[in-house]
Structure formats: structure tokens, C-alpha cells
Amino acid sequence: MIETETYTINIGPQHPSTHGGLHVEAIMDGEEVKDAIVHVGYVHRSVEKIAESRTYAQFVPYASRLDYLASHLPTLGYVQAVEKLAGIIVPERAEYIRVIVSELSRIASHMIFVGSLAIDLGATTGMVYCFRDRERIMDMFEMSSGQRMIASYMRLGGISADLPESFYPAVESFINDLPGMIAEYHGLISGNEILQERCKDVGILSAQDAVAYGVTGPNLRASGVDYDLRRDDPYGIYPRFEFRVPTGQNGDSWDRFMVRIEEMEQSGRIIKQALRDMPSGEIQAKVPRILKPEKGREVYHRVESSKGELGFHLVSDGSDKPYRVHVRAPSFINLMVLPLICRGGKLQDVITNIATLDPVLGESDR
Amino acid sequence: MVLNEADTRDGSSDVEQLEKHNIIVTTLEKIWNWSRARSFWPLSYGCNCCPIEMMASGAARFDIARYGYEVFRASPRQADLLIVAGPITLKMAPVVKRVYEQMPSPKWVLAMGNCATSGGPFRDGYSILPGADTLFKVDIFVPGCPPRPEALFHGLLELKKKVERGDY
Amino acid sequence: MEHLFTNIAQILTSWMVSLGLPPIWADLILLIGQWTIIVVIVTLNVIVLVWLERKISGFIQERLGPNRLGPFGAFQTIADAMKLLTKEDIIPSQADRWIFMTAPMLFIVIAVMLYAVLPLGQGMEVVDLNVGLFYFISLGSLSTICLLMAGWGSNNKWSLLGAMRSVAQMISYEIPLAFSLLGVVMLAGSLNLSEIVTAQNRYWFILLQPVAFLTYFIAATAELNRGPFDMPEAEQELTAGAYTEYTGMRWALFFLAEYTNLVAVSALAATLFFGGGQGPWLPSWLWIIIKTYLIMLVFMWMKWTFPRIRMDHLMSFSWKVLIPVSLANILITGLGIEFFRGMGW
Amino acid sequence: MITDMAEESNTAKDNHMAELAAALNERFKPLEVNYDQYFAYLKIEPGALPAVMQSLYDDWGMNYLGNLDAVDYGEEFEVVYHLYGIPAHDKKIAVKVRVPRQNPSVPSLIAIYPTADWQEREAYDLMGIQFTDHPNLVRVLLPDDFSGHPLRKDFGKGV
Amino acid sequence: MSDQATLGIFLLLTLAFPVGAMVAARLFRAKPRPSQEKLLPYECGVDTKGPSWMRYRVNYFLYALVFLAFDVETIFLFPWAVKFQQLGLFAFIEMIIFIAILLVGLWYAWKEGALKWY
Amino acid sequence: MSLMIINDLVFVLIASITLLSALGMVLSRNIVHSALALILTFIGVAALFFNLGAAFLGLVQILVYAGAISVLIIFAIMLVMHGEAHKTNRFNPSLGTHLWGGYIAAVMTIGLVAAIWFSELPEVKGRTVEDAVGLLAGLLLGNYVIAFEAAAVLLLLAVVGAIILARGVEEQ
């Protein structure tokens, strides 16, 4: 007589907690999510096509606009891919500076993750605290490159400018304060029982599913898979640093949160070591003004971005412009599991799950 | 994209209609514009880098709340100001258009960042509209990629002057 | 000072009677005066409260908050209110027109009606109803209907979902709210609010009924749809919940009613647990304002600190924790009273 | 000195990839095997794709499809699959299939790698590759009413 | 005047308050001719799918039921609480029995999962 | 104008609002409108209680009927809602049902009017009960204690029965 009927509710594209243009069609039965259909592409800016009409060097700013929360990481991926393609060897000092800014980017990105999780769950104050601390990183980026957020700081074969003197005290004091900031997040955000209840056992992603769906980055590690490209497929000078790869056990939202918090600590460690070991010297390799890699060469280079495996597939046709650029965007692939982890949960869990998957739509949609 | 001007600009009340015919002195309109200019409630809309700077402008260091513009509304029904932060893609265009339509008059649009003003670096792309003004009338353009929060404030304060003049 | 307002009222009445007005007309005029004062206070208070909330949220978030318009940004809310007055009124075409239109109006009516029995100082209540406390609870239960009307009338999924959720929430928290007040009633032996205040001559009931106060506070937060329990307007989840489709003045009425309810609930807490207008040096009406504001500060503090609770936790918290606790509180209060009476105190 | 070290390790990588390529050649008898210091490239017929992938998954531990994309080579499209294993090991294989422009149809890999779902949709969306047996091959990034496949070299608007 | 008369007049006055506010708003607010799109329901900027007045699950109803039982209980409890100090021990025990019977109801609802939210 | 007349006028006003909303409840084609009209009826009855000086009973009417039962009814409507609830009121389907309903209503009304007409009502004019709540408590826990406890059992049975029914509904 009375079978409940399902209904569809559109979360997004214009919704405060979809981090931009994400559209989730939730098929609901009462408050329970029966299924979810994810629509992306609302920020599809045709980056891959534009790349084919830009020279290799001109694409660097576009790369940094992929993941705008941690703009150094996609830039790093792209310049290293081109360096692989053209066989450029980067000076030592530039490598160290790249590591420092990349890891700072990772911390900034994770800070936004913590803040946006807090605000998505209704705790506005948590967001403000994270942004307050992120401002210090933005200051450092501004010192080094002149831009706060989207610093196209890296160049093919090096970096655009050496670090200014004021950068060192800033980064040192930041690294020293980092444990205090994390303690504050624990006190305000993760120490809150309401938040814990909303995250624990919500959106469980098993290790098998995570691997099968190609989930990478902190989301994969939260599911208990110990896989970090910085250690397992090292690039740049990462093998020289000592750090731990944090993993979770359950693969729920709480683990995804805690893994990121711990990654911030580990990034702090890496920056400390990099500052200690950084040599002086050149910051830019000799790169021809018009770079023309060998015809027919192709390369797939991947880095561990703050969201997961960020890969660049470059194909060269011997001209000064890439023949094909494909970006393997971790957010895009990670979002694929959203229906999987939302199924059977509550409507409010969808919000938690989107927040803890931490997609960046600019990167996802390219 | 066709501009739908039917309800966009002429959002004037009875009293203002009278004012247009010079029947009532413009004091009342001045008062309304004074309050409108000081109380922009932005819609929390955004789809790229710029919203992050928008969020940063709400946070501790920049604090948009000083001007009273911090009331970010989730529903366009209660918003006055659409900050178009980020590129408008072909897929997003009908959504932005509708969100804009659904805001109550009087309403304003601020195009934040290069993408929203002109398409920015992605102008050459096949899936981008060259600026928000192809969809609706934009009151203030704030360039930058992304603009700093200070730039956003500057834009807002310019818009405030504009609204206070009744120039909208 | 203490009897300032009551004296003014008396003088006015006798003056009007001396002019040859029948006493009943004098009463009526006085009532209209009282009503006007209450409405003005309610409206002004909301303006102050919104400003205060923005300032406090700024303080909590290491920001400044509004500071450009007027001293310390105090006129910010006035600008907002005036702007809301001039906003377009959208009634969506699919809405259930009359229900959509009347819901916010009834909501504010119920909120203002609560003030009819609140003692705003010694002898300063509009009606000294001898079932005042019960009046408060009964009338409060009606506001669920208004939210339902708003949700249904909007004919929007977010609205209806928000409304259904908040009704489920409000009915669940109404029970512990009523139960937590029973302890106070047992001690005071009356439902009359001014008699409850008098009964606290020796001790404030917060000392005798701390558990009841906690239960009341939590349940009241849920009834007010505030803080961690803001289900009808869960911005990050339901866009704006039951209020999604409301614009301009209609939305402002909802907003006004929410803050009006906040003041009423805080004033009731001050009356029941903190001795109402009792306190040294200052007149009673000032004391009640101070106490009310202090309680409201705690409400704001909670709102700006906690994340939003999940619906199922919210419901089970009421039914599985608060109701048993408040029942146990009644039992213990009863036992305590019996015990002390047995001891002959 | 550091460059020396890098070169040394590069030759080691080359050798390793050469061995891998030889092993692949023996196992699958592909159209063409190739390698550089980062990948062993395996070029096969589209029809053989599911079988090859299945045995790479089962026997070689390549359980992680890192990347899937398509390149427009004029007369033909090339679909490239970059495979890795989790937990990490040193086999890195890129599988390539070439399909004619007239009928760009490739078997879908969803059954083996669920992660291929959106990536195949993306290749369909932007490059127009038809993945047979894909349960829901619709546009993912572009609006449904968009006409054409923009990443093809003959698509109009690329400046 | 009697209490109820005062309340009645107060109610009438209060009814005038939102009406007055809406009239003031009507006088001053902007009145453009709304477009069709403006009057559509807002659902994150896309078309809503299916009817918005949809069927809800039974758990709302169950909560309302248990609520009703307890609401009626409150009504019995309030007079008792008022007179508690005069009524004596016997009334106290009667009330404990009364509450206990209702607690059985709560326990049953709990056990049967009527208090589960889904 | 004496107070009596005002009193009568108020009574007529409240009674007509109550009756009109009752009519609206029956005649409305939209079931939710019916429910809302029913709430108005309840409030009207509460106002009648107030008018008679029985504030406590009036408040009980508001709390239980307008505040709780109406929510229950609306939730029940939401539970059985189907597509076009705003057009169809499920409870007035056919002419036959209308006739039967009208017949029963007429019989009940006549019975009620007759009962009021023929019974001798005691004169209560000018008597107000000061402490109605206290008296009520005394009676409930004194003379009528069996009825009081029976009410509890009744409520328990209502809860249990409703849960069993609802479970059955859910399983279908």
C-alpha cells in the first residue's frame, strides 16, 4: 500500500559545500541516499586544448591554475614532465627550493581542506582559523614569487627567482609554529565530539575499492594502502628526505581527515630537512629559449600532489609546442568513488564525503 | 546568449516610480541607496581560484565584515550581489544565468578575476564564455588572477559609491 | 528606580481616569502602550542582537566584525534592515501562495505573543497569567506549524526537507524542554512566572536544578533552531532550508522571529533559573536584561564554536539521553522534596 | 658528480625496462614493443585489449590503471593506458592501441579497472573514442548538447 | 480587564505587526516584472526533478506518535508538579507509576527501532 | 454597550471562525489545506475555552491538538502522499460517500443539539475558579486516580499499537 518512493535532489552546482561547480544528483529515500550521480565539468576550461597552442614554457601558468589550492604541485609536475621529455637536468638548489615551496603548498592545501570541512559541517570558526594560518604561507609565496595563490614560480629547468632573505625566517618560524597550529585544529575542530560523530564510520572506502577506482593520495592512504609516490616512485630529490607516510585503517571520513593532518606534520619535517641541506648555487639550468624536444617522444610523469597522483602525459612532435598534453587529475578520479561511499548514508553524509574527498574542481575539470 | 533585460534593471518601487516623474523629492531614494550600498549580501557562488580569495577575504586577516559585506547567503533569494568568481563555462552558463535571474531586485553583479571579466587566460578555449557581461549586465569588474582580497574590497567599495549615487 | 515603569503606568492610568475615561478604556490604552513598547523593544533588540552576534563572531574568529558604519559598526544592521525592506518580494510560481505568504507572519506573531506573560521586571508583565509557564510551552509548540507551512508553501525540496527535519527536531526537543521545567514547577509550586521568581528569594533554582537547567538549555537551543542544531537553515547542506525561497521582508520576518524567540527563551531561563529580576543594587528590570543578555551570549558562543550535528544523532540524543535524564531529574527532585519534608525542613 | 649518478641510474633503469619489454614481447606477442627509461610500451590490437589487460592484472600485478587518454595522430587515434601496481613495484607498462579515425572503437575496461569509467567517458567526450560495452558512455566534462570532440586536431576553435 | 481579554487584545494588536511590516515593505520595495525563470523553484541552479511535495518515510510519523503520547503526559505532569508539595507521598507514587507505564512505551519504541532515524 | 454584549460578540466571532475553518477543512480540495484549516479549528476551540475563563484547558487544546495532533496528521499526510496532493483530497472521492457522510453528520448534529436542548445546565455565571490547575491535580490524583492510571495504560497501548501498525506499513 505505502511503498516509499525515491526522489531526486540536486546538490549543486550552485551550492555552498560543493567547492565550486560540482553537481551531485542524490537519489533519496527519506533521508537515506540510495544512489548518487556525480556531474562534473562545470569548470572545464579546455586547458588541454589550449596547451596545444602554447609553447612548453607558456603552459606553466596554466598548469599552476589547475590545482589552485596548491599551485606549486601541478606546476612541479608539469615542469618535471617537460624536463623528462627534453632531458633537462635541474640544478641542486632549484630542486631544494622546489621541494620547499611544494611542501608548503601541500600544507596550505590541507589547511584549506581542514577549514572547508569545518565550514561544510557548520563550524565557521574552524575555517577562519585555518585561513589565518594559511595566510602565512601565502605571504611566503608572495615573497618568493610575487603572487599569493597562483605563483607560476617554477620554470623549465629551475625556478624563476631565488628565495629572498626574508623568506628563511618566515618559513622557519612557520615550521616551528606548525605543531601549535595543528594542536589548535585538534582542539577546535577534530576534538569536537559532534564532528567526530559526523566523520567516523561515514563514507567508508575499502582498500580494494580504492585501488580499483584508482583513488590516490591521502584518500587512498586513509583506506590503509601505504602508497605515496614521493617514496614509492620518487621524483626530484625526494629520496633524500626522511618522512613517514601516514595511513588510516578504516577508510572513513575521519581517517581521511587525520591522514591529512599528519601529512601536514610530515611536510613540515621535509621542509626542515630541505632547509638544512640546501646548497647554494645556480637556480636555473641552461634551457634553450625555444625548447624543441625530439619528435615522437612521449612521457608520462606523475607527482604526489595534495590530492593524489597528478600525472602529465606529454607527446612531442618536434615543434616548440606540445602535440598533446593530458592531465591525469586526481580530483577527477577521486570523485568517481563519491556515489560508492555515499550509498546507504544520510543526506548530511554526502556533504561530509565531498569535503573529505577534497576535490578541487579546477583540477578535476581542467 | 540573449540578454533578458525584462526584470534586470528597472527594479524600482512605487515611490521610485513617482520619483522618476519628479513628483517626490529624491530624499527617500537617497536613503534607500545609502542602505543598499552598505549592505551587499553576496551569494556564495564561485567555481575556480577566485572563491578561495573570496573566502580569504572573509577570514581573519582581511575581514570583509568590517564593511558589513560578510553575510554570504547560500540562496540567491536573499542575496543582493552576485560575485562571479571564476570562468563561466558553457556548462555553467545556464546555471549562473538562472541564479542571477532568481535574485530579487535590486541586485548587482561583480565580476571577480580575469576569467569573469574577459575569459582571462582561458579565453581561447572552446568551452568558455568571454566574460560574465555576455550573460548579464556587470556593475563592477575586478581584474586579477586571482585578485587579492584588497582588490575585491576596492571593487566592492567602488560598487558602493556607484550604488550610493543611484547609478545602477 | 525599581518601580519606575510600574509607577509611570499607574500615574498614566489614574490620569486617564481623572480625565473622565472609563477605567476599562484606560486599561486598553495602557495595553496598547505596553504592546507598542514591546514591539519596539523586540525590533530594536534584534537590531542590537544581530550586530552583537556579528561582533562576537568576529571576536571568536579573531576578526573585527562590522566597524565602518557608526560607532563600532552599530548601524550596520539598520542598513541591512532598511535594505531588506526595499527588496523585491518573490513568490515563486509553483508555491502554495497563501500558505507561503502567511507562514512568516504567523511565525512572528507567535514569537511576540510569548512576551505577553514574560515578567520584564517586578510587576512588569502584560498579563500575570497563573498558568504562564504552560502558556509559554503551548504557544512555542505552534511555531512548528509555521515552519511546516513555510516548507510546504515554498514547494521546494530543500524547503520541505528543512521544514520536515526541523519539525521532527522541535517536537523531539519539546518533551525534554517541558520535563526540565517540571523540576522548577515542583519547587515553586506554581505555574505563574512572577510567583516562580518570588520562590527564588532564598536560592536561585540553578543551584537546586542544575541538571534541569542544562536540559532546558540544550532543548531550547534545538527549539530555537540555533547553534549546532540549526536544521531548518542548514546553510551548507540545505542551502537555506525552510527559508530557501523567501526574500526581502518575508525572510526578515523569519529572521526577526528567530531572534525574538531567542530573547524570549533566554529571558525565561533567567526567570526560571536565575531569580528573574532579583539582584542587588540595580532595579529588577535592569537585572533581567543583564541576565538575559548573558544567557544569549552563551547561545552565541555555542553557535560560533560547534559544527552542525547530524540529524539522526540529534534525534537519538533527545529521545535516548535528554528525556531519560529529565525524567530522572523529576524523580530525584521529588525524592529530595519528600526527604526534606520528612526531615521537617 | 650528481649528473653522473643520475646517468648511472638511468642506464640501470634502461636495462630494467629492456628486460621488461623482452618479457612482455615473449608473453603477449604484441604488434610492437618498445621501451625507454621510464616505461615499457606495448602496442596491441584493440581486440586483444581486454585479454592482455586481464593477464597483466592477474599475472603481473598491474592492478592500478594510472592514466588513460587518447592522442590524435591524424589517420589514427592512439589510446594509451599507463599501468602500475599497488603496492609499488618497478614494472611500469604503457599499453597502446591504435584505432582508425573512421571507426574509433575500443573495448571498455570497466570490468577490469572500474577507474576506467570516467576516464573513458572523458576520452569519448573530448576525443570521440567509442568504448564498446561501456554502460554509460555520455559526455562527462562538456554539456550534453555540445557538438564535436574538441581535442581532435580538426576541431575548429583551437587557436 | 480579565486575563483572557488582555491576551485577546494583545493577539489582535500583534497580528497587526507583521501586516504593518508587509504593508510598509509593499510601499517601498522594488516591483519589477518578474521573468519566468525568476519564479522557478531554486534548486542549486538546475531544474528540479519530479514533484517537490513528495512522500516521506514512516519514521517521521513514528516520532510524532511517540511525541504525542509524551505530550499528553506533560499535561498530566504539570498540574501534579504544581500541587506536588501539597499532595503528599501517595500522589508521588501514583505519578511514578504513571511515568513508569509511559517509560514502557518509550522502551518499546526504542526496542522496535521507532526511535531510529533513517 | 455592556460587557455582556461584548462577550457575546466575541463568542460569536470565535465560534464563526471555528465553524468556518471546520467547513474549510471539509470542503478544501487540497489535503494540506484541510489539515491547516483543522489547526485553525483547534485554535478556535482553544479560544472558546479562553473566553470561558478556562485558560489551562485552552492551552492544553493548543499544545495537544494544534501543536501535536496536527503535526501527527501532517506527517501522516506526508506518509501517504501521492503525486498531486495539492489537487486531490483523498477523503471526498464519490457522491455516495458524500451522502453517507452528510447523513451521519446530520444525525450527530441533531443528536448533539437535542442533548444540549433537553439537558438542564447548572448556572455558573459569575463564578471563576481561581486555582483550576491545583483543583485538577487534586481530582486527578485523588478521586479519579484509577482513571488517571488507566489513561497512562491507554497511552501506552496507543504507542504500542501505532508502532505495530506503522511497522506493518513499512514492511509492505
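Note that the chains are named A, B, C, D, E and F in the order they appear, and that numbering of residues resets to 1 at the start of each chain.
As a working rule, a residue touches a chain if its C-beta (ideal position, glycine included) is under 8 Å from a C-beta of that chain, and two chains touch if they have at least 3 such contacts.
Remember, predicted model here, so these are calculated numbers, not experimental data.
Where touching is counted per the definition, the chains common to chain A and chain B are C, D, E. Shared contact partners of chain C and chain E, listed by label: A, B, F.
Farthest chain from chain F, judged by C-alpha centroids: D. A straight line joining the Cα centres of chain B and chain C is 36 Å long. Averaged C-alpha coordinates give centres for chain D and chain E that are 60 Å from one another. Centre to centre, using the average C-alpha position, chain E and chain F are separated by 16 Å. Taking the mean of the C-alpha atoms as each chain's centre, chain A and chain C sit 45 Å apart. Each of residues 141-143, 150, 155, 157-159 in chain D touches at least two other chains.
Residue positions 61-63, 86-90, 129-130, 134, 137, 141, 152, 157-158, 164, 171, 174, 191, 235-236, 239, 244-245, 248, 311-312 of chain C are each in touch with at least two other chains. Each of residues 2, 7, 9, 13-16, 31, 41, 44, 46, 49-50, 53, 128-129, 132, 365 in chain A touches at least two other chains.
The touching residues of chain A, when paired with chain E in their complex, are 2, 4-5, 7-15, 23, 25, 29-32. Contact residues of chain F toward chain E in the complex are 10, 47, 50-51, 53, 55-56, 60, 63-64, 67-69, 71-72, 75-76, 78-86, 133-134, 136-138, 140-141, 145, 148-149, 151-153, 155-156, 158-160, 162-163, 166-167, 169-170.
Residues 7, 9, 15-17, 31, 118-126, 128-129, 132, 188-189, 192, 194-195, 197-198, 346-349, 351 of chain A are the ones touching chain C in the complex. Taken in their complex, chain E has these residues touching chain C: 1, 3, 6-7, 9-11, 13-15, 17-19, 21-22, 24-26, 28-32, 34, 36, 38-44, 48, 52-54, 56, 60, 63-64, 66-67, 70-71, 74, 77-78, 81-86, 89, 92, 95-96, 99, 103, 106, 110, 115-118.
Contacts from chain E toward chain F in the complex involve residues 2-4, 7-8, 51, 53-58, 60-69, 71-76, 78-80, 82-83, 86-87, 90-91, 94-95, 97-98, 101-102, 104-105, 108-109, 112, 114.
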